[in-house]
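As written, the chain order gives the labels A, B, C and D, with residue 1 at the start of each chain.
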Amino acid sequence: MHNDFLDDDKLHEECGVFGIFDVNDAAAHIALGLHALQHRGQEAAGIATTNSEEFYVHRRHGLVGEIFGKQKVIDRLEGRNGIGHTRYSTTGGNSSTNIQPIFADFNFGGFALAHNGNLTNAGTLRESLIKRGSIFSTTMDTEVMMHLTSLSQEECIVNRLIEALKQVHGAYAVLGLTKEKMIGIRDPQGVRPLVLGKLDESYVLASESCAFDIIGAEFIRDIEPGEVVVITADGIESIKPFENTANRFCIFEYIYFARPDSFVNGQNVYQVRKRIGQELAKEHPANADVIVPIPDSGVPAAIGYSETSGIPFELGIIRNHYIGRTFIEPGDQIRHLGVKLKHNANRSMIEGKSVVLIDDSIVRGTTSRKIVDMIRGAGAKEIHMRIASPPVTHPYFYGIDMPTASELIASNMSVDEIAKQIGVDSLGYLSLDGLYRGCGEENGRNNKNPQYSDTCFTGDYHIPLIDQEGGSNGNSTTKLRETG
Amino acid sequence: MHNDFLDDDKLHEECGVFGIFDVNDAAAHIALGLHALQHRGQEAAGIATTNSEEFYVHRRHGLVGEIFGKQKVIDRLEGRNGIGHTRYSTTGGNSSTNIQPIFADFNFGGFALAHNGNLTNAGTLRESLIKRGSIFSTTMDTEVMMHLTSLSQEECIVNRLIEALKQVHGAYAVLGLTKEKMIGIRDPQGVRPLVLGKLDESYVLASESCAFDIIGAEFIRDIEPGEVVVITADGIESIKPFENTANRFCIFEYIYFARPDSFVNGQNVYQVRKRIGQELAKEHPANADVIVPIPDSGVPAAIGYSETSGIPFELGIIRNHYIGRTFIEPGDQIRHLGVKLKHNANRSMIEGKSVVLIDDSIVRGTTSRKIVDMIRGAGAKEIHMRIASPPVTHPYFYGIDMPTASELIASNMSVDEIAKQIGVDSLGYLSLDGLYRGCGEENGRNNKNPQYSDTCFTGDYHIPLIDQEGGSNGNSTTKLRETG
Amino acid sequence: MHNDFLDDDKLHEECGVFGIFDVNDAAAHIALGLHALQHRGQEAAGIATTNSEEFYVHRRHGLVGEIFGKQKVIDRLEGRNGIGHTRYSTTGGNSSTNIQPIFADFNFGGFALAHNGNLTNAGTLRESLIKRGSIFSTTMDTEVMMHLTSLSQEECIVNRLIEALKQVHGAYAVLGLTKEKMIGIRDPQGVRPLVLGKLDESYVLASESCAFDIIGAEFIRDIEPGEVVVITADGIESIKPFENTANRFCIFEYIYFARPDSFVNGQNVYQVRKRIGQELAKEHPANADVIVPIPDSGVPAAIGYSETSGIPFELGIIRNHYIGRTFIEPGDQIRHLGVKLKHNANRSMIEGKSVVLIDDSIVRGTTSRKIVDMIRGAGAKEIHMRIASPPVTHPYFYGIDMPTASELIASNMSVDEIAKQIGVDSLGYLSLDGLYRGCGEENGRNNKNPQYSDTCFTGDYHIPLIDQEGGSNGNSTTKLRETG
Amino acid sequence: MHNDFLDDDKLHEECGVFGIFDVNDAAAHIALGLHALQHRGQEAAGIATTNSEEFYVHRRHGLVGEIFGKQKVIDRLEGRNGIGHTRYSTTGGNSSTNIQPIFADFNFGGFALAHNGNLTNAGTLRESLIKRGSIFSTTMDTEVMMHLTSLSQEECIVNRLIEALKQVHGAYAVLGLTKEKMIGIRDPQGVRPLVLGKLDESYVLASESCAFDIIGAEFIRDIEPGEVVVITADGIESIKPFENTANRFCIFEYIYFARPDSFVNGQNVYQVRKRIGQELAKEHPANADVIVPIPDSGVPAAIGYSETSGIPFELGIIRNHYIGRTFIEPGDQIRHLGVKLKHNANRSMIEGKSVVLIDDSIVRGTTSRKIVDMIRGAGAKEIHMRIASPPVTHPYFYGIDMPTASELIASNMSVDEIAKQIGVDSLGYLSLDGLYRGCGEENGRNNKNPQYSDTCFTGDYHIPLIDQEGGSNGNSTTKLRETG
């Protein structure tokens, strides 16, 4: 899906999770929920269900609709309880074994596990687990969690999993499934989102509330940072086993990852984005004829910018919806043409005009130049680029697929240099405080106790990077390359 | 692609055509051009090229990107000249033989032919051709044109094709390809669009100008109603062989079919749609909090409506871009959930508000109720539906896949009845004159010599329906059902 | 399927046909019949059925089981009457349009046509048909027959088809299907086989009787050379419209093409092959320890040779049955290993022994050397090759895919030279008279009125090669390359 | 592949293994070797290679040629060392994770493991491993071996694996692969075969010698029961770590499993089968006209029977080689026709004759009746069935997919009853001593120390059935059903 240049220069979320308890056709509901979370990961998806006797798992590469589009696939996933996962590929991982949920057969019965996030000490833990005789069949952090759970001496699976998670560092939203329980956990700093909903009497857990809407479930609340919820036939129980919890929700969820119609961490994403656009208009006004969003992530901020500035909002870039997984592998003759497969400048709104282009962020900056060229080619008189977030200067290790510092344009260039590089007449990034204000913090960032996880703008690594500091990357031992 | 309820109730264009002459890698350019025309037909596509010695054809069911996404497929289509076609399925036609361009081996060499449109005397002609011994291997009108061309006694292929077209009635934009010529023809009333462009020194013909943008070609002009252009190594020649030409461009191209970034029949589609929205705001104002387009076809009219009314434009319905060809075949338990696979109400922009919903047209009305229910479910206080065209009351036979009169809601109900049926607080259709004004006719429709083909609103069948009058439907003889 | 070296050097049959009239589920019966005829053509297959109102056609590349293996495919082919075809690829023809049966819509209704064989004046006829305005959509001879039928002024389809066939030269077994009739025709010299059977009250026509066995039908008789049978609800009618008929059945059907369990042209193939092996043992005895057939076509002759010679028959070459359509595309390192994918020498029966290798024929001779090397590598002391037919010296144009004379080893070398070339200690070809005796002609070949079509051994072109003499090859006009 | 009734009633081997050390393009060689072993398992296959730095694994469902037929798949499997596996499905196992080789990342580096056979205490071991915290991601015995290896405190991987295998009971031929070693092990009683070969300087290990022939390798010797061979850059080392070894090779390898051209356990399979046929002729002569093998497994015994009896051998049943994975799903109308998809009676050799039918074994007896009916339908005067092994009366748990006792016809009926049930005029099973004589034991079975594993004929469970006795079946804990 990300075969278009407009997506090439985005950060990529790594996962979405969805679970439902005590409903007819759990698998069908989960498939719909995962479909609504498809933007959080397009590479692979899986569902595990249980009918309280056996477990059923189906995991594949592909889009949710491709994998779970056939009734017979859904029918094989029996049971009223289940969890699902959709993922974005991380390094090296085209392996068919690297898809969640994962399953293990314990003493007390089966256990399925799925998570969104990233552990910063997974490599270190993995090494010591291997030393004591554990066998790994994937390269996923989730398997580290599973081994730790397996080795816990606690009786109850909930306590086992908590004991396991007390040993890990990182950002995670975890779903667990036993024959009789569904467990949801959000990391102590609440970096990754997890929300609770209800469909009639059935509890639902999901990364974002848009996954509730697709099945008609009602949004109840966010799971809190460090909270463990245990859902059984008797209802829902909340546990808070972690000390030192804080709320440092990933601010990029509001900027780009989450769907605009979702409510996460207490706010609606579309409204946050509009407010961010309003802050941007205040900080970086422009004398222009038209406000043009870079679709689709720039649209709400552009509407906000238009409202505050009074300059008309127009669809100056038109999207072609008929993009499949592949398109023409360009021969040398037409390679330069490839740029416009998915979008086209709407010349009638551009020609002879002074244009404000609104984008949510610039990461590598590799494609901004192409967009600017396309708009320039459609006859724009002036181009003023406005970015609805601060410069991305630091890599982020808490659940996002991220370039290294050397690839980040703002890590290497000043704003003026970037403006020149991408060919705009002016360039304005939203300030960090402006971003926080857009996110509802009237006084901007509290630098002593920052309200969000904003590492990529600040370098504030608030969860320790154990593996990196210890020199481990989880791959110190032999590497397996399995083709999927 | 049309697996979502929002598309279920649209009229469907039947075809798009694209041709290019004297360029390296003609097939790659055509594939890109067809991709840009994908909205005109998603069922099948084909390309015919020639290297001036042999002809090469590749035709398949599927999206352009699926069919022509592999370099080796493109590589087999040798030559610097070629034409392509993308089509929407018509009745019964899942046949693999029913894909254009079609090819025939003539005395003087090969000839490939593709067209967008519909002949109203195809059945009658087909019957008499069969009587004289012609064999048909498809059920397409294009094959009738090919047989007539084959039987012409003219020497030159251009004259043969003209002689053939003088025998047909209907709406058509035709592309023909010989070893040394590319021919483009628009029917005498100019119902279907065909535009001329240039990529460096190479001429290009396409249904819409958006297909020029994708390859970086320059838009030159519309082919005129009844005009024949012949492109050879010596340049372009224009012929006007038909008497009684008029310009009755299909007004639904402006309302819904064409891409907003295209220029066709002298105007930019996005601008026309915005003006239509402005006319709609004047004719049917609403006391409301927010203007919400039904994506994506309602967006330009909604922006126009918002500008004129001063009521803010918001994305109150969010689109999920990850829709493949299939999705979950719902079991009985979840059938009711299927409605929201592709779109979701953006509750924060709807709840407690008085909402103006903007759509381009209502055909059967089968899905408007579902949209309204979704918006109502998201907490709208009032819903005012505004339609950017008049009531669709008559079937249309000039190149559109169209329901029968009994299926058209406005053919059977008054506006008030429709409003009640779909559950809105108020409903306003744009008037015919308002539509014409939006299309640039300041004085509205000239009822003596109407400026557009508007049959579905008026019942003005300006091209005679020969087959229907004569009782022939082209299927009077034995029917073949070939599975593709 | 023919991806193994043992098949590389065989002549290939071009087609098999099968039709059934008035039976429940005609398509399922035809699919089984075509499966039994799969050895006559593995590239593509098609079935046309009629429920006496509409016609249904399904045609694809692939094996019969691949194409017709799904119940839903069969279910779409409605009706109690139908004909089918399986084909071996001829020149250039990877086109999806080049699959039979073909269909045309006539005045009087639909007509489907399929044939096994080859016309020697197809190119000449095609040229004059094109000159008068006929359009060809395939490159198959069958389409020439269809056009001639279409142009006939006869009222009745049977007479039209007969009139058409009176204009062609060549070898053919034709099946035709109208709403109410099934027609079977064998060419005036009876070169290609066609047999009549009965399943309860339903008549069946097939290339070979083995196709009757698979559906439990009873073999009735051969269709005679030049005979036309017309099967209707009233029964079967036989017409003999051609003058100058003779019986010159293709002798290669007995040598290699037909399945050993079939009865064609009055004899059982297995028995003929055994008798041929007996003749071979008489003509070319060998002082050896063991008789080893080259599987599978050499087996019956080897059993016959063993019986006559008294030397034990052993499976000295073992076949691997798990060969799919593709296998490892060998890199340079292992290219030499590819030879043994399908067969292996059975060392225990070869080592230290004097071996008689029995093959049905040698065409190019390209692979005989590899077989001999394999046997030599397994430790054979002596290798005596015995061939159950005379040297193949002339190309054959009556329905076989055939190399040119320059590729035929026996057209360029003496028997001694061939023996040296392929590395055997002795080589013996059966004489022409020996072959005829094996085929039941006690006095051998009647050189004045030869009893068989034996052109590839004799150069006796008993059907005139019109196209070749006239310089036409049917491709004199522009060539279309359609990718399938 | 086993979609034909003639295969429905056979016992099925569970696996074949192949490894090669220090050769260019190890993966290509392994793919060829596995292809030659395809008869030992058609459901799935996998290859693991190492370039002494990384490991590469590719595992899939399907035939070897389907999985490894593309050069790019082979190219991704880098390295000069590797092992491969082809498997027949066991219970429940359509899981994509249940394919070998399996891989684990140890302290000292990666380790890949594959085996043919079955452990009789796998369930018991699995339970205690889970209790101590091991996680299982497959249901294969191989993973039990891997966990035991992982937990061993030995330094050297060879000793670890030996220590692991000392804890298991069962029949196995194991291949292991580290960065620098290839290990081959045969269980202490040598139930499953494993042979050693050499291709130039590269050592090869395989289940059967036919896998050497396909790559041109030389057969060296059998691995001995209980022998461990360790192949490194320095050559081959042999270890005998197990006490109490014996040689009880599975006699069914000679009867049916192994390919006739293989040498295993010291003998050529074809020769053994011929001798078995000779013994059968002596024990159960018949007054008949013709000896007809049931293809293909009955052929060598039939040749032996023919030689001894003097009655001519004929191919009375003809095989259709064009059988793919699927064929027509028969509707009710034609279900009865399905029986002849793969074979047909050769009527000319059957009609009016007294026929001896030779088969290797009868398991359930479900299809013998159908064969007999087919032969009777082709006109046989008398049918005498002769079986080249004793009655199968007991289930076998040492590496064969086997019905339960209640499904075995000979466990429930006398020979006379079976004869009546399948409709033959006479039925003769080879005696146990006759079978042993055919296998080269002149004095028949040594009942004190039987020379072969012959449990299915005798009920002699010479390896203890730990899981069954202990009530464990390895599935006592929660079951996972993963769809592949």
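The rule is simple: a contact is a pair of C-beta atoms (placed from the backbone, for glycine too) under 8 Å apart; a residue touches a chain by one contact, two chains touch by 3 or more.
What you are looking at is a predicted structure, and each value in this text was computed from that prediction instead of being measured.
**Student:** Which chains, if any, touch subunit A and subunit B both?
**Tutor:** Expected: no chain.
**Student:** So how far apart, in whole Å, are subunit A and subunit C when each is placed at the average of its C-alpha atoms?
**Tutor:** So the centre of subunit A lies 61 Å away from the centre of subunit C.
**Student:** Determine the centre-to-centre distance between subunit A and subunit D, using the mean Cα coordinates as centres, and give it in whole Å.
**Tutor:** The computed centroid separation for subunit A versus subunit D comes out at 49 Å.
**Student:** I'd like the Å distance between the centres of subunit C and subunit D, where a centre is the mean of that chain's Cα atoms.
**Tutor:** Spacing between the chain centres: roughly 37 Å.
**Student:** Which residues does subunit A have that touch at least 2 chains other than itself?
**Tutor:** Touching at least two other chains: none.
**Student:** Taking chains as nodes and touches as edges, what kind of graph is this: line, ring, star, complete or other?
**Tutor:** Looks like a ring, each chain touching just two neighbours.
**Student:** If you go through all the chains, which pairs of them touch?
**Tutor:** Here the touching chain pairs work out to A-B, A-D, B-C, C-D.
**Student:** Okay, in this complex, where on subunit D does subunit A touch?
**Tutor:** Of all residues in subunit D, those touching subunit A are 54-59, 73, 76, 96-97, 102-107, 109-110, 130-131, 133-137, 143, 146-147, 150-151, 179, 477-483.
**Student:** In their shared complex, at which residues does subunit C touch subunit D?
**Tutor:** Going by the criterion above, the answer is residues 1, 24-25, 28-29, 31-32, 35-36, 38-39, 42, 63-66, 68-71, 74-75, 210, 213-216, 259-261, 263, 268, 270-271, 296, 299-300, 303, 307, 312-315, 318-324, 326-331, 333-334, 336-337, 340-341, 344-349.
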